[in-house]
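Before anything else, here is the set of structures, which you'll find just below.
Two complexes come next, and they have one chain in common, chain A, joined by chain B in the first and chain C in the second.
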Partner chain A sequence: MSDAAPLWATVILPVALAVAAVVTAGFDAVLSGAAERGPAGSVREAGLRAMAPLREALRLLVQQPRRTTAADRLLGRLGMVLVPVAAVLAGAVLPWGFRSVSDPSVGIVWFNAMEALAWAAVWLAGWGPNSALSLIGGYRFLAQGLAYELPHMFAITTAALGAESLRVGDLVAAQGGLWFVVWMPAAFVVYLLSALAMAFWGPFAYPLAQDAAGGAAVELAGVDRLVFLGGRWMLLVVTAGFSVPLFLGGGHGPLLPGWAWTLLKTAAVLALLVAGRRLLPVLRMERYMELAWMVLVPLTLLQALVVAVVVLNR
Partner chain B sequence: MDLRNLLRRTAMQRPAVLAVALPGATDIRLAVEAEVRRRGWPVAGAPAAADLMVVCGVPEPREAEWLDDIERSMPDPAVRIVVEETGHAVHALEMARRDLTERAVTPREAEVDDQQGAAAGEPGGRAQGEHQGHGDDQGHGAHHGSSPPPAPDDQGHPHRSMGHGHGGPAAHPGHEGHENHHPDDHAAHLDHTEHEGHFAHIDHMGHDMHAMGDVAGLPMAERADDRDELRLDQLHVPIGPGLTDWPTGLVLRLTLQGDVVQDVEVDHLPVPRGHRLPFWDEPWLRAAQGEEVTSGSAARRRCAAHLDSVARLLAVVGWDDVAARCRRLRDELLSGAPREGIGGDLRGVLRRVRRSRTLRWSIAGLGELSSARAGEAGVTGPALTADGDAYDRLRIWLDEVERGLEVLDAEQPLTPDDLTGPRGRLDGAQPPSQALLDILPELLTGAEFACARIIVASLDPDLDELALAPVSGAAHV
Partner chain C sequence: MLDDVVFWVLALLAVASGLMVFRFDSMARATYALLTSLLCVGGEVLLLGLDYLGVVIVLMMTIEMAIMAVFMVMYMMNPAGLMPMTMVHNTKGAAVICAVVFAVLAAGILLAPWPSRRGRPSADPTMDLGLSLMGPQMLTMMTLGLALFATIVATVVLATRRGRYDRFGDDLKARTADDPVRGGTVR
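Up next, the complex of A and B:
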């Protein structure tokens, strides 16, 4: 249903993702600043605080990278680079309004596969430096993957079921009347949780948790750190953005053009995730695992069942 | 100035800070934390992420080695400063910032001279730029196993006056190469004898595996029976004073299998004795010595101490937002903010922590310590009252903060008999934190790594107190 975007969109995509990541991180920095130093006194002050991610990026660029003894540099580097790469590749099937860089017939599977790259990425980044804490961080992501991935897959399968297609464009088209979020609320909530988990961020920052001094990222400095952590913000943007075609009707909406609706909806989801992070501590995966298997898996299965019955009776 | 240099300077305007506190320097740590926050500088959780290492307190000569090691695992440009008194924090950080911006634009060859110039210009040598001692093409640990590059000329460096020759890479090849040039270390570890300075590798623990085989110059893991009598790899991992949100000066030598703690040895950095009272216990000890102390100021100190503990626990648990709020309120309390000004905010934070079911779900059941067992072990204070797990101890802290808030501005003097500090009775046979340290091994054994850190944070022993024994106030009772 959706048209293919022009070739230059391929070039724009990584840039747009990076800009969105910086803006999101800036919003997060303003909220963190309020917690650390009280609310910003003036707009200028708030603006300065919002600049923090850019300053941080610059700082990391100036820092020299470092090496650890007997590091597996090839795999470690691969892990770091894979994070933003996975984000950009996943972004390729993300429709801007009704156009995406590519709209293959298995777009949803592609998206999920790219997310799974993040598993490898964090594991490799944790493995690379030959350090106990980063290794702990790395394998924590595997535990996290086990906890979130199954409910997550059921959630996106439910959306695909509703549209009777794995093509992202068809999903958006199917929500011309009613957004999926209305009759798939459980799947939507589970998807949002796993969006956080995929970006190993906020309550799901367990692989990078402070109790392991920063986990998988503990030995990263300079550009390495920038690529890894910057990539994480991009992953967050992409996964949040994908909830729009999945559940929130994509570019559909009155008055405004499709791309504007996509942008607005994505921004709203991101704001929700960023603000919501403040409500929750990091979840320890051995505890979350219980919730995932005892509650979320049955819940998403039930949701899928309801949707399947509706679709069969259509 | 060309654009490149401008960017480099701008980048170092707000360096990431790794604060390493030494025992007896709680007030300095608080001053540094407050100043760093006021400046809006990022706080690094690990040496790799930091530009600036701030040592709070006066390091003893034998502590120099692990400090050097932490510094070596920082990426260039890296600066280390020592803040020896609370009043010097502002100036020291400012000097360090200047030093870093200079360092960022100075070509490496000229760095040593420039460094000396900068250091010489500093009054009293409070803010000392420390030379990294390796070219950037080498990277950390890169010269391990090969002949080290010529050491840069460190002559005249103020750091020398502190009594440990900082010999550059010639003395300490690559930051992770140190296992190799201390063959005795292995023996020392295996029979658990004390060995100064081997917690040097604290922040890159993976390299502290001690066994027969060597891979790439690093010893391999040992094997030992686990709880189920399976023969599994065993790692000896010291964790300690370089960690953030960790009791100042505490060193734990963990034996890990997977990430389960099999054995714990509790150790700590030397605690300077005598020259000042432990910061958190000060009001009660002063009252015991016959000084006039208002009960309001004691309540203030207790609230601040508990907020500090709560902030650390929440930071370890990963709830940064509330941890940051607790730290801000702690500093406001210490700077004498009136009750009306701070009460609303503080109650809001307390309510938020109490209401969080996720937090409860996350840490309930960790480090179960019954009142009976605590009493036997000589534990007093919140850990005894709590009669339960990490979450119960947190709740006691919150309750005490709330209660303290009521009497924050009370003017009546503290009675000399009141000797219950934030961590327990100061007139017992041993300082309250000693009992907390003694109970650690039994609480930690069998816990997972993450849980172990949460348990330690939920007890939050204050090593400054160790200098107390025997309590001076006991005579008054």
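Up next, the complex of A and C:
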């Protein structure tokens, strides 16, 4: 079981998540710059490219928010704000090494519940502006959620099954010897896929896709857009970060202290996801839906069966 | 003391947002008011020390209400449910029924001889919940699961317009399905 973190960790958590989100977005911007304008000539140029998300954030801060006719502003605002809030709340059970802000006995279910909140949030943000394209984006995210949520739940259930506990601290403790990724590779891969889908990013950016003029985010401008898209980066960081206690042994590792290993592993998963985005086009959801039901659900069920048999024989 | 404050705040919020379900003239707002109410109930269950049940209520109700909002908007009688509507029908009859039900329930609460607590609360309610569901009630749960699954499959089969003869031809011997949308796993 992990120790409780000091109280100031509660204040640090949102800041740390935001910083991690900016760094990830910066890394993504460097890769984008390299793809569009060739590799950066100097370190300074690379640094300038990495600052692009910050410049964009500043631009959005001073930009005029957009008003639409007959908008449902209450629900729209709620949707926008819920995205980063859900990311931070989900991050509360994320252990830094062996400490997390909170380590409830049902931490895994809590994490999943907060993801579901983010899921509802995107539909709200799409509904809010009373605009057809943003509503289409919102509906797309609901369809996407139906495709990824079930394999995702089975994947994290498998990890919980391996540790015989729903407490994230116990999960980390159970991986002192062997990381779960070694004997639950299918669950790990499915988790990574659904982490992308959860953050509606990369191949799963269908709710915000170009063919719907930007989908759920089309009418968002100014601070609204910053909160919504910034929240999406935070979701990506949190879901990637949660793969570390779930499958990659949490803070366990030689030489370095626990928090450093958590940081390294999270960075590695994030780098994989960010680099992987360049290899895959945006997926149309009805295609992924078939894959999810025909392949991923049976696969994760089999994986859970294997783990259950191992646990019973232990 | 703190527990009392949290209890009353959540309880009032739950009742208020429950009332707002019938006051809002927008399907989306009504659905999310109902979600607020249910999340507050989840909070109350957490307050009782039943962590797993409380968090599962939050998880399931969020997913459920998000999906329900879509279906409600889709099936409203006015276009897409985007025009103002009312959640209240048969106002007087409903008021009478509600008043009677409330009176009966309240009388039940006040008149029932409540037993005093026996034994101690369990150290791990999640474990006990799992044992009581999957231990002696295993057969019930298996039957229930099978029945639910059969219902889902039957509903989908009845609801879908294209059957397997449309997809694979009259003798079902086609190698690939003839689907309107290309792509997927077997093509």
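Basically, the second predicted complex is superposed on the first by the 314 of 314 C-alpha atoms of A that agree within 3 Å, B and C clash if a C-alpha of one lies under 4 Å from a C-alpha of the other, contacts with A are read in each partner's own complex, and residues count from 1 in each chain.
Throughout what follows, a contact is a pair of C-beta atoms (placed from the backbone, for glycine too) under 8 Å apart; a residue touches a chain by one contact, two chains touch by 3 or more.
In this text, all values refer to a predicted model and were calculated from it rather than measured experimentally.
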Which of the two partners, first being chain B and second being chain C, lies in contact with A:M294: first, second, both, or neither?
second
Between chain B and chain C, whom does A:R67 touch in the aligned arrangement: first, second, both, or neither?
first
Is A:R284 touching anything from chain B or chain C once the two structures are fitted on A? First, second, both or neither.
both
Regarding the shared-chain residue A:E219, is it in contact with chain B (first), chain C (second), both, or neither?
first
Who does A:E36 touch here: chain B (first), chain C (second), both, or neither?
first
In the overlay, answer first, second, both or neither for which of chain B and chain C A:Q210 touches.
first
Once the two complexes are aligned on chain A, which partner has more residues of chain A within touching range, chain B or chain C?
B
Which of chain B and chain C A:A46 touches, first, second, both or neither
neither
On chain A, the residue positions that both chain B and chain C contact, one per complex
130, 284, 286-287
Can you check the complex and tell me which residues of chain A touch chain B?
31-33, 35-38, 48-49, 52, 55-56, 58-59, 61-70, 129-136, 203, 205-206, 209-214, 217-222, 225, 277-284, 286-287
Going by the contact rule at the top, pick out the chain C residues touching chain A in the complex.
26, 28-29, 32, 35, 51-52, 55-56, 58-59, 62-63, 65-67, 69-70, 82, 124, 126, 181, 183-186
Once bound in the complex, which stretches of chain B touch chain A?
7-8, 10-16, 37-38, 40, 42, 45-46, 48-49, 51, 73-77, 104, 136, 139-142, 144, 174, 176-177, 203-208, 215-218, 235, 237, 243-245, 256, 259, 314-322, 324-325, 327-328, 356, 358-359, 361-362, 448-451, 453-454
Chain A residues touching chain C in their complex are 72, 74-75, 78, 104-106, 109-110, 112-113, 116-117, 119-120, 123-124, 127, 130, 139, 142, 145-146, 149, 166, 284, 286-287, 290-291, 294-295
